Amino acid sequence: MPFDDQISRISKFAADRDWEQFHSVRNLILALVGEVGELAEIVQWVSDEKISEFFGDPKNQARFEEELADVLIYLLRLASIRNIDLEGALKKKIESNEEKFPVAKSKGSSKKYTEM
Amino acid sequence: MPFDDQISRISKFAADRDWEQFHSVRNLILALVGEVGELAEIVQWVSDEKISEFFGDPKNQARFEEELADVLIYLLRLASIRNIDLEGALKKKIESNEEKFPVAKSKGSSKKYTEM
Amino acid sequence: MPFDDQISRISKFAADRDWEQFHSVRNLILALVGEVGELAEIVQWVSDEKISEFFGDPKNQARFEEELADVLIYLLRLASIRNIDLEGALKKKIESNEEKFPVAKSKGSSKKYTEM
Amino acid sequence: MPFDDQISRISKFAADRDWEQFHSVRNLILALVGEVGELAEIVQWVSDEKISEFFGDPKNQARFEEELADVLIYLLRLASIRNIDLEGALKKKIESNEEKFPVAKSKGSSKKYTEM
(Lines give C-alpha, C1' and ligand atoms only; values in the text may rest on other atoms or scores of the structure.)
Protein backbone atom coordinates (compact mmCIF):
# COMPACT_ATOMS: atom_id res chain seq x y z
CA MET A 1 0.00 0.00 0.00
CA PRO A 2 1.38 3.44 -0.93
CA PHE A 3 2.14 5.70 2.00
CA ASP A 4 2.16 2.62 4.22
CA ASP A 5 4.99 3.88 6.40
CA GLN A 6 3.27 7.24 6.82
CA ILE A 7 -0.07 5.62 7.67
CA SER A 8 1.65 3.56 10.38
CA ARG A 9 3.40 6.62 11.69
CA ILE A 10 0.15 8.62 11.86
CA SER A 11 -1.50 5.71 13.69
CA LYS A 12 1.38 5.55 16.17
CA PHE A 13 1.23 9.33 16.58
CA ALA A 14 -2.45 9.07 17.57
CA ALA A 15 -1.93 6.01 19.79
CA ASP A 16 1.03 7.56 21.65
CA ARG A 17 -1.07 10.60 22.55
CA ASP A 18 -4.17 8.57 23.39
CA TRP A 19 -5.93 10.43 20.59
CA GLU A 20 -7.53 7.38 18.99
CA GLN A 21 -10.61 8.21 21.03
CA PHE A 22 -10.98 11.42 18.97
CA HIS A 23 -10.46 9.78 15.59
CA SER A 24 -13.98 8.71 14.75
CA VAL A 25 -15.18 8.91 11.16
CA ARG A 26 -17.28 12.02 11.76
CA ASN A 27 -14.58 13.82 13.76
CA LEU A 28 -12.01 13.15 11.06
CA ILE A 29 -14.35 14.37 8.32
CA LEU A 30 -14.92 17.61 10.24
CA ALA A 31 -11.14 17.93 10.67
CA LEU A 32 -10.70 17.28 6.93
CA VAL A 33 -13.21 20.07 6.22
CA GLY A 34 -11.13 22.39 8.41
CA GLU A 35 -7.98 21.62 6.41
CA VAL A 36 -9.75 21.99 3.06
CA GLY A 37 -10.90 25.39 4.35
CA GLU A 38 -7.28 26.36 4.99
CA LEU A 39 -6.33 25.18 1.51
CA ALA A 40 -9.09 27.32 -0.01
CA GLU A 41 -8.01 30.36 2.03
CA ILE A 42 -4.58 30.34 0.41
CA VAL A 43 -5.97 31.17 -3.02
CA GLN A 44 -9.28 32.79 -2.12
CA TRP A 45 -8.27 36.31 -3.23
CA VAL A 46 -5.89 35.24 -6.00
CA SER A 47 -7.68 35.48 -9.35
CA ASP A 48 -6.94 32.96 -12.10
CA GLU A 49 -4.91 35.64 -13.86
CA LYS A 50 -2.58 36.19 -10.89
CA ILE A 51 -2.15 32.58 -9.83
CA SER A 52 1.17 31.86 -11.61
CA GLU A 53 2.75 34.97 -10.15
CA PHE A 54 1.40 33.95 -6.73
CA PHE A 55 3.02 30.53 -6.82
CA GLY A 56 6.25 32.13 -8.03
CA ASP A 57 6.74 33.11 -4.39
CA PRO A 58 8.27 30.06 -2.64
CA LYS A 59 6.46 30.94 0.60
CA ASN A 60 3.10 30.51 -1.11
CA GLN A 61 4.18 27.26 -2.70
CA ALA A 62 5.40 25.98 0.70
CA ARG A 63 2.15 26.94 2.42
CA PHE A 64 0.20 25.16 -0.31
CA GLU A 65 2.31 22.01 0.09
CA GLU A 66 1.75 22.04 3.83
CA GLU A 67 -2.02 22.32 3.50
CA LEU A 68 -2.15 19.53 0.90
CA ALA A 69 -0.23 17.38 3.38
CA ASP A 70 -2.75 18.23 6.13
CA VAL A 71 -5.65 17.17 3.92
CA LEU A 72 -3.81 13.97 3.00
CA ILE A 73 -3.12 13.13 6.67
CA TYR A 74 -6.83 13.10 7.51
CA LEU A 75 -7.66 11.24 4.30
CA LEU A 76 -5.13 8.51 5.10
CA ARG A 77 -6.35 8.38 8.69
CA LEU A 78 -9.97 7.99 7.56
CA ALA A 79 -8.99 5.13 5.27
CA SER A 80 -6.96 3.58 8.05
CA ILE A 81 -9.66 3.55 10.73
CA ARG A 82 -12.20 2.11 8.26
CA ASN A 83 -9.70 -0.50 6.95
CA ILE A 84 -9.96 0.82 3.43
CA ASP A 85 -7.53 -0.21 0.72
CA LEU A 86 -7.14 3.29 -0.64
CA GLU A 87 -5.04 2.19 -3.59
CA GLY A 88 -7.66 -0.35 -4.63
CA ALA A 89 -10.45 2.21 -4.22
CA LEU A 90 -8.46 4.71 -6.27
CA LYS A 91 -7.83 2.27 -9.13
CA LYS A 92 -11.48 1.31 -9.17
CA LYS A 93 -12.60 4.92 -9.33
CA ILE A 94 -10.13 5.85 -12.07
CA GLU A 95 -11.37 2.91 -14.15
CA SER A 96 -14.96 3.91 -13.55
CA ASN A 97 -14.20 7.48 -14.67
CA GLU A 98 -12.47 6.20 -17.80
CA GLU A 99 -15.62 4.29 -18.71
CA LYS A 100 -18.02 7.02 -17.70
CA PHE A 101 -16.28 9.66 -19.80
CA PRO A 102 -15.27 8.09 -23.12
CA VAL A 103 -12.64 10.17 -24.90
CA ALA A 104 -14.72 10.58 -28.08
CA LYS A 105 -17.68 12.07 -26.22
CA SER A 106 -15.86 14.06 -23.58
CA LYS A 107 -13.07 15.73 -25.51
CA GLY A 108 -12.62 19.39 -24.65
CA SER A 109 -16.01 19.75 -23.04
CA SER A 110 -16.72 20.34 -19.38
CA LYS A 111 -20.47 20.20 -20.12
CA LYS A 112 -21.11 16.59 -19.22
CA TYR A 113 -18.27 16.69 -16.93
CA THR A 114 -19.80 17.41 -13.56
CA GLU A 115 -17.26 15.30 -11.82
CA MET A 116 -13.99 13.80 -12.79
CA MET B 1 6.51 8.42 -5.25
CA PRO B 2 3.49 6.53 -3.87
CA PHE B 3 0.51 6.38 -6.20
CA ASP B 4 2.87 7.24 -9.05
CA ASP B 5 1.09 4.99 -11.53
CA GLN B 6 -2.27 6.42 -10.54
CA ILE B 7 -1.03 10.00 -10.83
CA SER B 8 0.22 9.26 -14.36
CA ARG B 9 -3.05 7.64 -15.23
CA ILE B 10 -5.07 10.61 -13.96
CA SER B 11 -2.81 12.96 -15.96
CA LYS B 12 -3.28 10.86 -19.08
CA PHE B 13 -7.02 10.75 -18.44
CA ALA B 14 -7.12 14.58 -18.40
CA ALA B 15 -4.78 14.96 -21.40
CA ASP B 16 -6.73 12.46 -23.54
CA ARG B 17 -9.95 14.41 -22.98
CA ASP B 18 -8.29 17.81 -23.43
CA TRP B 19 -9.34 18.60 -19.86
CA GLU B 20 -5.99 19.97 -18.73
CA GLN B 21 -7.42 23.40 -19.53
CA PHE B 22 -9.93 22.90 -16.69
CA HIS B 23 -7.40 21.66 -14.15
CA SER B 24 -6.20 24.93 -12.67
CA VAL B 25 -5.41 25.12 -8.95
CA ARG B 26 -8.58 26.99 -8.11
CA ASN B 27 -10.83 24.78 -10.23
CA LEU B 28 -9.39 21.66 -8.64
CA ILE B 29 -9.84 23.07 -5.13
CA LEU B 30 -13.49 23.82 -5.89
CA ALA B 31 -13.86 20.27 -7.25
CA LEU B 32 -12.19 18.92 -4.09
CA VAL B 33 -14.71 20.89 -2.01
CA GLY B 34 -17.50 19.25 -4.00
CA GLU B 35 -16.16 15.78 -3.23
CA VAL B 36 -15.62 16.56 0.46
CA GLY B 37 -19.25 17.68 0.48
CA GLU B 38 -20.30 14.28 -0.87
CA LEU B 39 -18.19 12.57 1.77
CA ALA B 40 -19.86 14.62 4.51
CA GLU B 41 -23.32 13.83 3.12
CA ILE B 42 -22.80 10.11 3.64
CA VAL B 43 -22.67 10.46 7.43
CA GLN B 44 -24.54 13.73 7.95
CA TRP B 45 -27.57 12.15 9.61
CA VAL B 46 -25.76 9.23 11.24
CA SER B 47 -25.05 10.05 14.89
CA ASP B 48 -21.84 8.85 16.54
CA GLU B 49 -23.90 6.19 18.30
CA LYS B 50 -25.23 4.69 15.06
CA ILE B 51 -22.07 4.88 13.00
CA SER B 52 -20.82 1.30 13.54
CA GLU B 53 -24.19 -0.11 12.56
CA PHE B 54 -24.20 2.19 9.53
CA PHE B 55 -20.87 0.91 8.24
CA GLY B 56 -22.01 -2.65 8.87
CA ASP B 57 -23.96 -2.25 5.65
CA PRO B 58 -21.50 -2.99 2.80
CA LYS B 59 -23.27 -0.47 0.55
CA ASN B 60 -22.44 2.35 2.95
CA GLN B 61 -18.84 1.19 3.27
CA ALA B 62 -18.54 1.04 -0.55
CA ARG B 63 -20.00 4.52 -0.96
CA PHE B 64 -17.56 5.83 1.63
CA GLU B 65 -14.61 4.19 -0.18
CA GLU B 66 -15.69 5.73 -3.45
CA GLU B 67 -15.92 9.23 -2.02
CA LEU B 68 -12.52 8.91 -0.32
CA ALA B 69 -11.12 7.92 -3.73
CA ASP B 70 -12.74 11.00 -5.33
CA VAL B 71 -11.15 13.29 -2.76
CA LEU B 72 -7.80 11.57 -3.28
CA ILE B 73 -8.00 11.97 -7.06
CA TYR B 74 -8.27 15.74 -6.80
CA LEU B 75 -5.60 15.87 -4.12
CA LEU B 76 -3.15 13.89 -6.29
CA ARG B 77 -4.06 16.03 -9.28
CA LEU B 78 -3.44 19.26 -7.33
CA ALA B 79 -0.03 17.97 -6.24
CA SER B 80 0.71 16.88 -9.80
CA ILE B 81 -0.05 20.20 -11.51
CA ARG B 82 1.99 22.12 -8.90
CA ASN B 83 4.90 19.62 -9.10
CA ILE B 84 4.60 18.80 -5.41
CA ASP B 85 6.41 15.86 -3.87
CA LEU B 86 3.44 14.79 -1.79
CA GLU B 87 5.36 12.10 0.05
CA GLY B 88 8.03 14.60 1.08
CA ALA B 89 5.42 17.15 2.15
CA LEU B 90 3.62 14.45 4.14
CA LYS B 91 6.78 13.32 5.97
CA LYS B 92 7.66 16.92 6.76
CA LYS B 93 4.21 17.61 8.18
CA ILE B 94 4.12 14.44 10.27
CA GLU B 95 7.51 15.37 11.76
CA SER B 96 6.32 18.88 12.45
CA ASN B 97 3.22 17.52 14.23
CA GLU B 98 5.34 15.16 16.31
CA GLU B 99 7.38 18.13 17.53
CA LYS B 100 4.40 20.44 17.95
CA PHE B 101 2.50 17.98 20.11
CA PRO B 102 4.96 16.28 22.49
CA VAL B 103 3.49 13.10 23.95
CA ALA B 104 3.94 14.24 27.57
CA LYS B 105 1.94 17.43 27.08
CA SER B 106 -0.66 16.18 24.64
CA LYS B 107 -1.67 12.83 26.09
CA GLY B 108 -5.41 12.27 26.16
CA SER B 109 -6.25 15.92 25.68
CA SER B 110 -7.86 17.48 22.63
CA LYS B 111 -7.63 20.89 24.28
CA LYS B 112 -4.40 22.12 22.73
CA TYR B 113 -5.04 19.97 19.81
CA THR B 114 -6.70 22.26 17.31
CA GLU B 115 -5.13 20.41 14.44
CA MET B 116 -3.36 17.13 14.04
CA MET C 1 -35.27 42.19 2.28
CA PRO C 2 -34.05 40.76 5.62
CA PHE C 3 -30.54 41.83 6.63
CA ASP C 4 -30.86 44.70 4.15
CA ASP C 5 -28.97 47.14 6.37
CA GLN C 6 -26.20 44.61 6.94
CA ILE C 7 -25.92 43.82 3.23
CA SER C 8 -25.54 47.53 2.48
CA ARG C 9 -22.96 47.87 5.21
CA ILE C 10 -20.94 44.91 3.91
CA SER C 11 -21.09 46.42 0.39
CA LYS C 12 -19.91 49.78 1.72
CA PHE C 13 -17.18 48.03 3.71
CA ALA C 14 -15.87 46.43 0.51
CA ALA C 15 -16.24 49.60 -1.59
CA ASP C 16 -14.45 51.79 1.00
CA ARG C 17 -11.43 49.48 0.94
CA ASP C 18 -11.49 49.03 -2.82
CA TRP C 19 -12.05 45.33 -2.22
CA GLU C 20 -14.86 44.90 -4.73
CA GLN C 21 -12.19 43.74 -7.16
CA PHE C 22 -11.63 40.67 -4.92
CA HIS C 23 -15.31 39.84 -4.50
CA SER C 24 -15.91 37.66 -7.51
CA VAL C 25 -18.26 34.67 -7.22
CA ARG C 26 -15.44 32.14 -7.14
CA ASN C 27 -13.32 34.10 -4.67
CA LEU C 28 -16.28 34.48 -2.32
CA ILE C 29 -17.11 30.76 -2.53
CA LEU C 30 -13.50 29.91 -1.63
CA ALA C 31 -13.72 32.37 1.27
CA LEU C 32 -17.02 30.79 2.34
CA VAL C 33 -15.30 27.38 2.31
CA GLY C 34 -12.61 28.82 4.59
CA GLU C 35 -15.21 30.01 7.09
CA VAL C 36 -17.13 26.73 6.99
CA GLY C 37 -13.80 25.06 7.73
CA GLU C 38 -13.41 27.22 10.82
CA LEU C 39 -16.96 26.37 11.89
CA ALA C 40 -16.21 22.65 11.54
CA GLU C 41 -12.97 23.00 13.53
CA ILE C 42 -14.88 24.22 16.58
CA VAL C 43 -16.64 20.90 17.05
CA GLN C 44 -14.28 18.52 15.25
CA TRP C 45 -13.10 16.75 18.42
CA VAL C 46 -16.32 17.14 20.40
CA SER C 47 -18.33 13.93 20.20
CA ASP C 48 -22.13 14.05 20.07
CA GLU C 49 -22.16 12.93 23.70
CA LYS C 50 -20.04 15.85 24.90
CA ILE C 51 -21.61 18.58 22.79
CA SER C 52 -24.04 19.99 25.38
CA GLU C 53 -21.30 20.28 27.96
CA PHE C 54 -19.12 21.95 25.33
CA PHE C 55 -21.65 24.64 24.55
CA GLY C 56 -22.19 25.17 28.27
CA ASP C 57 -18.93 27.13 28.14
CA PRO C 58 -19.86 30.66 26.97
CA LYS C 59 -16.51 30.99 25.15
CA ASN C 60 -17.40 28.08 22.89
CA GLN C 61 -20.87 29.46 22.25
CA ALA C 62 -19.36 32.88 21.41
CA ARG C 63 -16.84 31.36 19.02
CA PHE C 64 -19.62 29.42 17.33
CA GLU C 65 -21.72 32.57 16.93
CA GLU C 66 -18.80 34.42 15.41
CA GLU C 67 -18.13 31.70 12.85
CA LEU C 68 -21.81 31.50 11.89
CA ALA C 69 -21.68 35.26 11.32
CA ASP C 70 -18.60 34.86 9.10
CA VAL C 71 -20.35 32.26 6.96
CA LEU C 72 -23.42 34.50 6.74
CA ILE C 73 -21.33 37.52 5.66
CA TYR C 74 -20.00 35.68 2.62
CA LEU C 75 -23.40 34.21 1.85
CA LEU C 76 -25.04 37.66 1.90
CA ARG C 77 -22.18 39.07 -0.16
CA LEU C 78 -22.56 36.30 -2.77
CA ALA C 79 -26.29 37.01 -3.03
CA SER C 80 -25.58 40.74 -3.26
CA ILE C 81 -23.05 40.60 -6.11
CA ARG C 82 -25.33 38.28 -8.12
CA ASN C 83 -28.44 40.41 -7.40
CA ILE C 84 -30.19 37.50 -5.76
CA ASP C 85 -33.36 37.96 -3.74
CA LEU C 86 -32.25 35.62 -0.98
CA GLU C 87 -35.59 35.78 0.83
CA GLY C 88 -37.44 34.79 -2.32
CA ALA C 89 -34.97 31.99 -3.04
CA LEU C 90 -35.31 30.77 0.55
CA LYS C 91 -39.14 30.70 0.44
CA LYS C 92 -39.05 28.87 -2.87
CA LYS C 93 -36.66 26.25 -1.52
CA ILE C 94 -38.63 25.71 1.70
CA GLU C 95 -41.79 25.18 -0.36
CA SER C 96 -40.00 22.78 -2.64
CA ASN C 97 -38.73 20.80 0.36
CA GLU C 98 -42.24 20.66 1.85
CA GLU C 99 -43.50 19.10 -1.38
CA LYS C 100 -40.52 16.82 -1.87
CA PHE C 101 -40.77 15.34 1.62
CA PRO C 102 -44.46 14.81 2.44
CA VAL C 103 -45.02 14.35 6.18
CA ALA C 104 -46.70 10.97 5.78
CA LYS C 105 -43.79 9.45 3.89
CA SER C 106 -40.92 11.16 5.66
CA LYS C 107 -41.87 10.93 9.30
CA GLY C 108 -39.01 9.88 11.55
CA SER C 109 -36.89 8.54 8.74
CA SER C 110 -33.65 9.97 7.44
CA LYS C 111 -33.55 7.26 4.78
CA LYS C 112 -34.99 9.19 1.88
CA TYR C 113 -33.78 12.31 3.40
CA THR C 114 -30.54 13.01 1.62
CA GLU C 115 -31.05 16.72 1.87
CA MET C 116 -33.37 18.96 3.77
CA MET D 1 -35.19 38.91 13.69
CA PRO D 2 -34.74 38.79 9.89
CA PHE D 3 -35.98 35.62 8.25
CA ASP D 4 -38.05 34.97 11.38
CA ASP D 5 -40.99 33.54 9.45
CA GLN D 6 -38.67 31.26 7.48
CA ILE D 7 -36.87 30.08 10.61
CA SER D 8 -40.22 29.16 12.17
CA ARG D 9 -41.27 27.39 9.01
CA ILE D 10 -38.03 25.38 8.88
CA SER D 11 -38.49 24.44 12.55
CA LYS D 12 -42.08 23.35 11.89
CA PHE D 13 -40.91 21.43 8.83
CA ALA D 14 -38.46 19.48 10.99
CA ALA D 15 -40.91 18.98 13.86
CA ASP D 16 -43.72 17.74 11.56
CA ARG D 17 -41.41 15.06 10.13
CA ASP D 18 -39.93 14.13 13.51
CA TRP D 19 -36.55 15.19 12.13
CA GLU D 20 -35.50 17.28 15.13
CA GLN D 21 -33.66 14.17 16.31
CA PHE D 22 -31.35 14.49 13.28
CA HIS D 23 -30.72 18.22 13.70
CA SER D 24 -27.77 18.21 16.07
CA VAL D 25 -25.04 20.81 15.68
CA ARG D 26 -22.59 18.35 14.15
CA ASN D 27 -25.14 16.81 11.79
CA LEU D 28 -26.20 20.23 10.55
CA ILE D 29 -22.58 21.32 10.00
CA LEU D 30 -21.97 18.19 7.93
CA ALA D 31 -25.15 18.94 5.97
CA LEU D 32 -23.97 22.53 5.48
CA VAL D 33 -20.67 21.18 4.14
CA GLY D 34 -22.64 19.07 1.67
CA GLU D 35 -24.53 22.12 0.39
CA VAL D 36 -21.38 24.24 0.16
CA GLY D 37 -19.93 21.41 -1.92
CA GLU D 38 -22.88 21.64 -4.31
CA LEU D 39 -22.41 25.41 -4.53
CA ALA D 40 -18.73 24.93 -5.39
CA GLU D 41 -19.58 22.32 -8.03
CA ILE D 42 -21.64 24.83 -9.99
CA VAL D 43 -18.61 26.97 -10.82
CA GLN D 44 -15.79 24.46 -10.45
CA TRP D 45 -14.94 24.32 -14.15
CA VAL D 46 -15.91 27.89 -15.00
CA SER D 47 -12.80 30.07 -15.10
CA ASP D 48 -12.95 33.69 -13.90
CA GLU D 49 -12.88 34.76 -17.54
CA LYS D 50 -16.01 32.76 -18.45
CA ILE D 51 -18.05 33.45 -15.34
CA SER D 52 -20.16 36.37 -16.69
CA GLU D 53 -21.12 34.37 -19.74
CA PHE D 54 -21.96 31.43 -17.48
CA PHE D 55 -24.38 33.41 -15.34
CA GLY D 56 -25.94 34.86 -18.49
CA ASP D 57 -27.73 31.53 -18.76
CA PRO D 58 -30.80 31.78 -16.49
CA LYS D 59 -30.55 28.06 -15.67
CA ASN D 60 -27.14 28.59 -14.10
CA GLN D 61 -28.33 31.63 -12.17
CA ALA D 62 -31.35 29.64 -10.90
CA ARG D 63 -29.19 26.72 -9.81
CA PHE D 64 -26.89 29.12 -7.99
CA GLU D 65 -29.86 30.73 -6.19
CA GLU D 66 -31.15 27.35 -5.12
CA GLU D 67 -27.81 26.28 -3.65
CA LEU D 68 -27.40 29.59 -1.80
CA ALA D 69 -30.85 28.96 -0.30
CA ASP D 70 -29.80 25.45 0.76
CA VAL D 71 -26.73 26.81 2.54
CA LEU D 72 -28.87 29.48 4.21
CA ILE D 73 -31.43 26.92 5.42
CA TYR D 74 -28.78 25.00 7.37
CA LEU D 75 -27.21 28.21 8.64
CA LEU D 76 -30.55 29.45 9.96
CA ARG D 77 -31.28 26.05 11.44
CA LEU D 78 -27.91 25.97 13.23
CA ALA D 79 -28.57 29.40 14.70
CA SER D 80 -32.07 28.32 15.69
CA ILE D 81 -31.12 25.14 17.57
CA ARG D 82 -28.35 27.01 19.46
CA ASN D 83 -30.65 29.99 20.21
CA ILE D 84 -28.34 32.39 18.43
CA ASP D 85 -29.40 35.93 17.58
CA LEU D 86 -27.92 35.81 14.09
CA GLU D 87 -28.63 39.47 13.40
CA GLY D 88 -26.80 40.51 16.57
CA ALA D 89 -23.87 38.21 15.78
CA LEU D 90 -23.72 39.60 12.26
CA LYS D 91 -23.68 43.25 13.41
CA LYS D 92 -20.99 42.47 15.95
CA LYS D 93 -18.81 40.77 13.36
CA ILE D 94 -19.23 43.55 10.79
CA GLU D 95 -18.21 46.10 13.42
CA SER D 96 -15.23 44.00 14.40
CA ASN D 97 -14.15 43.75 10.74
CA GLU D 98 -14.50 47.52 10.32
CA GLU D 99 -12.10 48.05 13.23
CA LYS D 100 -9.74 45.25 12.23
CA PHE D 101 -9.31 46.56 8.70
CA PRO D 102 -9.09 50.37 8.83
CA VAL D 103 -9.72 51.92 5.42
CA ALA D 104 -6.38 53.77 5.34
CA LYS D 105 -4.34 50.61 5.86
CA SER D 106 -6.44 48.16 3.90
CA LYS D 107 -7.27 50.06 0.73
CA GLY D 108 -6.83 48.02 -2.42
CA SER D 109 -4.72 45.38 -0.77
CA SER D 110 -5.66 41.78 -0.15
CA LYS D 111 -2.30 41.20 1.55
CA LYS D 112 -3.35 41.66 5.15
CA TYR D 113 -6.75 40.61 4.25
CA THR D 114 -6.84 36.92 5.09
CA GLU D 115 -10.47 37.14 6.06
CA MET D 116 -13.20 39.68 5.61
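When the chains are written out, they are named A, B, C and D in that same order, and each has its own residue count from 1.
Basically, a residue touches a chain if its C-beta (ideal position, glycine included) is under 8 Å from a C-beta of that chain, and two chains touch if they have at least 3 such contacts.
Since we're looking at a predicted model, the values are computed, not measured.
*Asks:* If you tally the C-beta contacts, which comes out ahead, A-C or A-B?
*Replies:* When the contacts at A-C and A-B are counted, A-B has more.
*Asks:* Between chain A and chain C, what is the gap in Å from one C-alpha centre to the other?
*Replies:* The separation of the two C-alpha centroids amounts to 24 Å.
*Asks:* Please compute the C-alpha centroid of chain A, do the same for chain B, then give the distance between them in whole Å.
*Replies:* Centre separation, chain A to chain B: 3 Å.
*Asks:* Would you pick out the residues of chain B that each touch at least 2 other chains?
*Replies:* Residues 22, 24, 26, 29-31, 33-36, 40-41, 43, 45, 47-48, 110, 113, 115.
*Asks:* Graph of touching chains, which shape: line, ring, star, complete, other?
*Replies:* Here the contact pattern is complete, since every chain touches every other one.
*Asks:* Okay, in this complex, where on chain B does chain C touch?
*Replies:* On the chain B side, the touching residues are 26, 29-30, 33, 41, 45, 47-49, 110, 113-115.
*Asks:* Sort out for me which residues of chain D touch chain C in the complex.
*Replies:* Those residues of chain D that touch chain C are 2-3, 6, 9-10, 13-14, 16-19, 21-22, 24-26, 29, 31-36, 39-40, 43, 46, 48, 51, 55, 61, 64-66, 68-75, 77-79, 82, 84, 86-87, 89-94, 97-98, 101, 103, 106-108, 110, 113, 115-116.
*Asks:* Which residues of chain B touch chain D in the complex?
*Replies:* Spelled out, the residues of chain B in touch with chain D are 22, 24, 27, 30-31, 33-38, 40-41, 43-45, 47.
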